[in-house]
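Below are two complexes that have subunit A in common, paired first with subunit B and then with subunit C.
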Partner chain A sequence: MNKLLAITKKELLHYFYSPMAYVVLWAFLLINGFLFYVILSALSKTASPPVSPLSIIFGGSFFFYLLTIVITVVVTMRLGAEERKQGTFETLLTSPISDFEIVMGKFLAAFIFYVVAWLFTLIYVFIVKAYQKDLDFGPIISSYLGTLLLGMFFISIGLFSSMISKNQIVSAVIATLIMTMLLGITFLEFISSGVTREIFHYFDILTIMDNFSKGIVDSRNLIYLLSGTAFFIALSEKSLEARRWQ
Partner chain B sequence: MIEAISLTKMYGTKKGVENISFKIDKGEIVGFLGPNGAGKTTTMRLLTGFLYPNDGDAYIERNSIIEKPLIARKYIGYLSENNPLYEDLKVKEYLDFRGRVKGLKGKELKNRIDYVVEKCEIRDVISKLTGSCSKGYRQRIGIADALINDPPILILDEPTQGLDPAQIYHTRELIKSLSVEHTVILSTHILSEVEAICSRVLLIQKGNLIFDGSLEEMKNAFKKNQVLDVTFLCDETKGREILSSIKKIDRFEKLQNEGEGGSSFVIYSLEGEDIREEIFWKCFEERIPILRLNEKKKSLEEAFLKIISEESKEEEIQ
Partner chain C sequence: MTSKRKRAMGGANWSLFVLLLIALFIIINYLSFRHFKTYDTTFSDEFSLSPQTKKFLKELKNDVEVYVLLPIGDVGYEKVSRLLDSFKVESKRIKVEYVDPERDKGRYEILLKKYQVTNPDSVVFVSGDRSRWVERDEFLEYEYSMFGEPPKMKGFKGENSFLNAMYDVVDPRKPVIYFTVGHGEKFDFDESGKGASFFKERLSKEGAVIKTLQTAGLKKVPDDASLVIVAGLNIPFTKEEEGVLERYYEEGGSLFLLIDPMFKEGNEIEFKDSGLEDLCKKYGLELQNDLVVDPEASLLEGRAQTFYGVDYSSHKITYDLMKNKYPILFTLARSLNIVDPQSSDFKCEKLISTSEKAWGETNLKELKNVKKDNEDYAGPLCLASLIENRKNEKSRMVVIGDSDIISDGTILSGLGGNTIFALNVVHYLVKMENRISIPPKQIKSSSIVLTSTQIVTNFIVVVIIYPLIFAILGVWVYFRRRR
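What follows is the complex of A and B.
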């Protein structure tokens, strides 16, 4: 565990020292803040808002997915690619630390960054609370849960992409492609029927996030996001072993 | 302590190293000597577990580098050829990280950092970014990293490459002082470096281990005597009689005949002598046909010449 945390600490130092992380964090907060403001003021014009403004921030709009992709790609793209480019995989992989600890340490660092970014959005919750006294916290908590789980899934995808890439750009492209394809499953639902449609429905992230924002925590959704995360973490670990056999 | 058993590594279809075996005991200071592209780095990467062999295995303190990699790697401090560092970390952050990755923590970690900082004389740059350190300092940071968990074995890939003469001198002194407590394996393509530090040489050429022994033995092996492999069409006694009568022959050994008839010998001339002509005339006199006459050991000699010539080229550049 100590070795794993050493990796996490090192990765957090890299974030801390690089301008990229700050830029993304600021952009994330700005866009989310703006979105929130627009939604809130639009809804306040109607007497009884049909939906909670928060549900739109959490998966109810195109912006949510854009932001999630951008932030998870940016925090993961250097994790493996940079080690490879600088040659530091050689010192890392010859140290008495397991491939799993290396991968999990990196995953944890990216996840911490992601959580910190979303923590700032708690401010919005308190603002809404001030306007809407009878605010139901159930959907809000489940929305945060869904957001964290989706973040984990996307971070594991970004991590894997970075492990197999020579540079950060390639890593970002691969990760974005995989994430976009996963989101695109929602369209496959339209053009299919029967059992296939059921299967696509199960993997449809838009439906899953919609459930979370309504306060529905479906175990099938949890299983999909968690096993997806485990799958890409395992692939990342295998990619390190494959390097040694190359 | 370290045992390599027929290590073979292919890069696709290209050969990295082939069938390399050796044993290194505690306290030795061994030099991997060979021209560029010989396979020194590949061998070291196999020993440190950065690469796994296609065939064979290596044991570090009896732990297979493939089956028990975490234990095996714990015993090794490795300075890789390019000595990559995290350029955006400060030197102290870098050593702290490396120590933790190798399992140190708390007071022990602090003490070890203090020790390696003193030992490698990097106190002056401790708060600088590793990326802004000079080549000489970078090399010492790399050695400090290798030393941090006090491993019994140090593997140093071309530790003096790219340094100026004063830095080379200092690095060699440092390595010598480390060899008191650690088993050291270093690689170099410079013969004089082996002469300056090592007690034993493993000569690697084109992916093969072609010599393993002391420096003295290597020099003897490379003396320019002629080694011939001959077959005479006569019995062994007659063959020995002919060879004994030639003064320029240092010694000879009977070889097992491979079904071709006659008797075969391997013959070592005195240094600098060509004995082929004399053997011919002697056999002519005795009316003994020569079935075969080959000059042996060319590859060893060529390897050595190549190393020597590369070395002199390098000295011209400096």
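What follows is the complex of A and C.
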């Protein structure tokens, strides 16, 4: 456990001692802030539909998925690929740290960075609360839960891509492709019917996020996101193990 | 081992691992797909089922097949599928099939024909050889714009309509409801479209058999009667007719009396009796000769005789209406006064009352300038009451001082509470309480309206200042590292 936390600490220090982390946070909050401003302006018009501004922030717009993909890809693309490029992987692999501890340490660090980024969006909740006295916090809590679970899933994908790639760009491309394919299930669901449609519906991330943003926590959504995370973490560990024997 | 063989072994090991991992992922998700739970985190339980729906689903003994004949992009599709998902969580006997009218045209046509569905956008419930379809207007409520904009979805009443449809297919009991005639009743239940057609249609749709009852010369209420409704009298009941109703009630029958204030014909307006005063008084309820006026709860300013009942009891008839603040519209109502019954076997319970500011106007000569005075009955006034018979629990009676609550005009002008209340009373009286109506779930209007100054302030804070803090931090970290 201590070794795992040491790796997490090392990765976190690497993030926050680099100006890149702040550039990412600046861009993340700028885009989210602009989106929030646009939503508030649009909803202030009398003919606007009765939609909660926070439900659009969390999964109700294209920008949510764009930001989630960008931030998870940026924080994970260097985790394995950079170590390989700098030649520090060999040192790590020969140290008395298990593959699981290495993978989980890196995963945890990326996830903490992701959580920190989303925690800064709490300011939007306080702003909405200031204008809307009867704000229901249930859907807000579940929206954050959904966002964190989706982040875990995407980070595990990014981590796996980074473990199998030789450089950061390739890692980012692979991760983005997998994430986009998962989001594309919505389209497959739309064009299919019967049982196939039900299966695609189960895996549809847009539907899952819609549930969370409305305040519905569905065990199917939790299981899918958690099992998906575990699946890619296991793959990452296996790729690391394969590298050890190369 | 050669490096080629080593690589091949590694590749096989990898493939096997990935296959096992995929298999495990599929098994876990298949089990989760089959056995799931949902948790509603909204404070208003927006996505939770009512206790009666849960009870019905848990006790379901027959399979119920549900065919959703709606296109995927339909405005109600998401709400319907979410609701049916909640049904599936409660009972394994619910089987749902979604049939898109465009994509599964063949299957759609077969189902329309098989279950004789005449409305294209419907949800069909089937159990054994019984089926019932619920059309879109029965599960969605719309708000129509006067400015040519498309209608907006205002409320979702799927839980109530689907539950009743399931009751119809699993419980084929058909209550027989008699409406009395021969007293100038303002609603003609022999013909449709005469004043209370919405209420009559709802009763028929829920499986009730509607019949009329001529009470003149009647010795006994027919044995098949589940309920006798007296509504909108103009001519008083005779002593003999009153006696027939009294015997019917005391022998375990159910009565629903909707008695307006009645007026004598002539130059001067005066109250007259309905002929049911003694019957009600025997059980502890006095029909007061007055006209209820409630300026605080009136629908239109200056027309305080049309008002909403504001105070509901927590009885199961009114509980959901009270919880969801669904108002019931009254017009030209009389008040009821709870007095001591002739026998302690009877007990009256208030169901709906007016506000404290209301009064019962007794002076009909000054109707153009009504005001509260000493002769009037002071509010809060009872408008609807339930009479319990402790000696015979089968006997049930509800008395309301207004028959207009079931009229088409009032149902259309009201906010939906009248139909729910009247149906709840009927379900209670015919001993089918499990069908008590569930009010529709309102589509919450959670949008916020900001002034232009507030919008500009928000822009400065969330788009400029807030992200800038992190940009400054980044620059600081950059220079610190260079040093």
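As a working rule, the second predicted complex is superposed on the first by the 243 of 246 C-alpha atoms of A that agree within 3 Å, B and C clash if a C-alpha of one lies under 4 Å from a C-alpha of the other, contacts with A are read in each partner's own complex, and residues count from 1 in each chain.
What we mean here is this: a residue touches a chain if its C-beta (ideal position, glycine included) is under 8 Å from a C-beta of that chain, and two chains touch if they have at least 3 such contacts.
Remember, predicted model here, so these are calculated numbers, not experimental data.
Visitor: Once the shared chain is lined up, is A:Ile97 touching subunit B (first), subunit C (second), both, or neither of them?
Guide: first
Visitor: Looking at A:Val170, would you say it contacts subunit B, subunit C, both, or neither? Reply first, second, both or neither.
Guide: neither
Visitor: Quick check on the superposed pair: does A:Ser18 touch subunit B, subunit C, both, or neither? Answer first, second, both or neither.
Guide: both
Visitor: Output check: A:Leu148 vs subunit B and subunit C. Expected answer is one of first, second, both, neither. What do you get?
Guide: A:Leu148 contacts neither subunit B nor subunit C.
Visitor: State whether subunit B or subunit C is in contact with more residues of subunit A in the superposed arrangement.
Guide: Larger number of subunit A residues touched: C.
Visitor: Between subunit B (first) and subunit C (second), which, if any, makes contact with A:Leu182: first, second, both or neither?
Guide: Neither partner.
Visitor: Under the contact definition given at the top, report the residues of subunit A touching subunit B in one complex and subunit C in the other.
Guide: 17-18, 245
Visitor: Which residues, counting only subunit A, touch subunit B once they are in their complex?
Guide: 2-3, 5-7, 9-10, 13-14, 17-18, 86-88, 90-98, 244-246
Visitor: Name, in rising order, each residue of subunit B that touches subunit A in their complex.
Guide: Touch list, subunit B to subunit A: 11, 45, 48-52, 70-71, 73-74, 76, 78, 80, 82, 84-89, 93, 97-98, 100-103, 105, 145, 149.
Visitor: What part of subunit C is in contact with subunit A in the complex they form?
Guide: By the definition above, subunit C touches subunit A via 6, 10, 14, 17-18, 21-22, 25, 28-29, 32-33, 36-44, 46-47, 72, 82, 98, 100, 103-104, 149, 152, 443-450, 454-455, 458-459, 461-463, 466-468, 470-471, 473-475, 477-478, 481.
Visitor: Which positions of subunit A touch subunit C when the two form their complex?
Guide: 16-19, 21-23, 25-27, 29-30, 33-34, 36-37, 40-41, 43-44, 46-53, 120, 123-124, 127-128, 131-132, 135-139, 141-142, 190, 193-194, 197-198, 202, 214-220, 223-224, 227-228, 231, 234-235, 238, 242, 245
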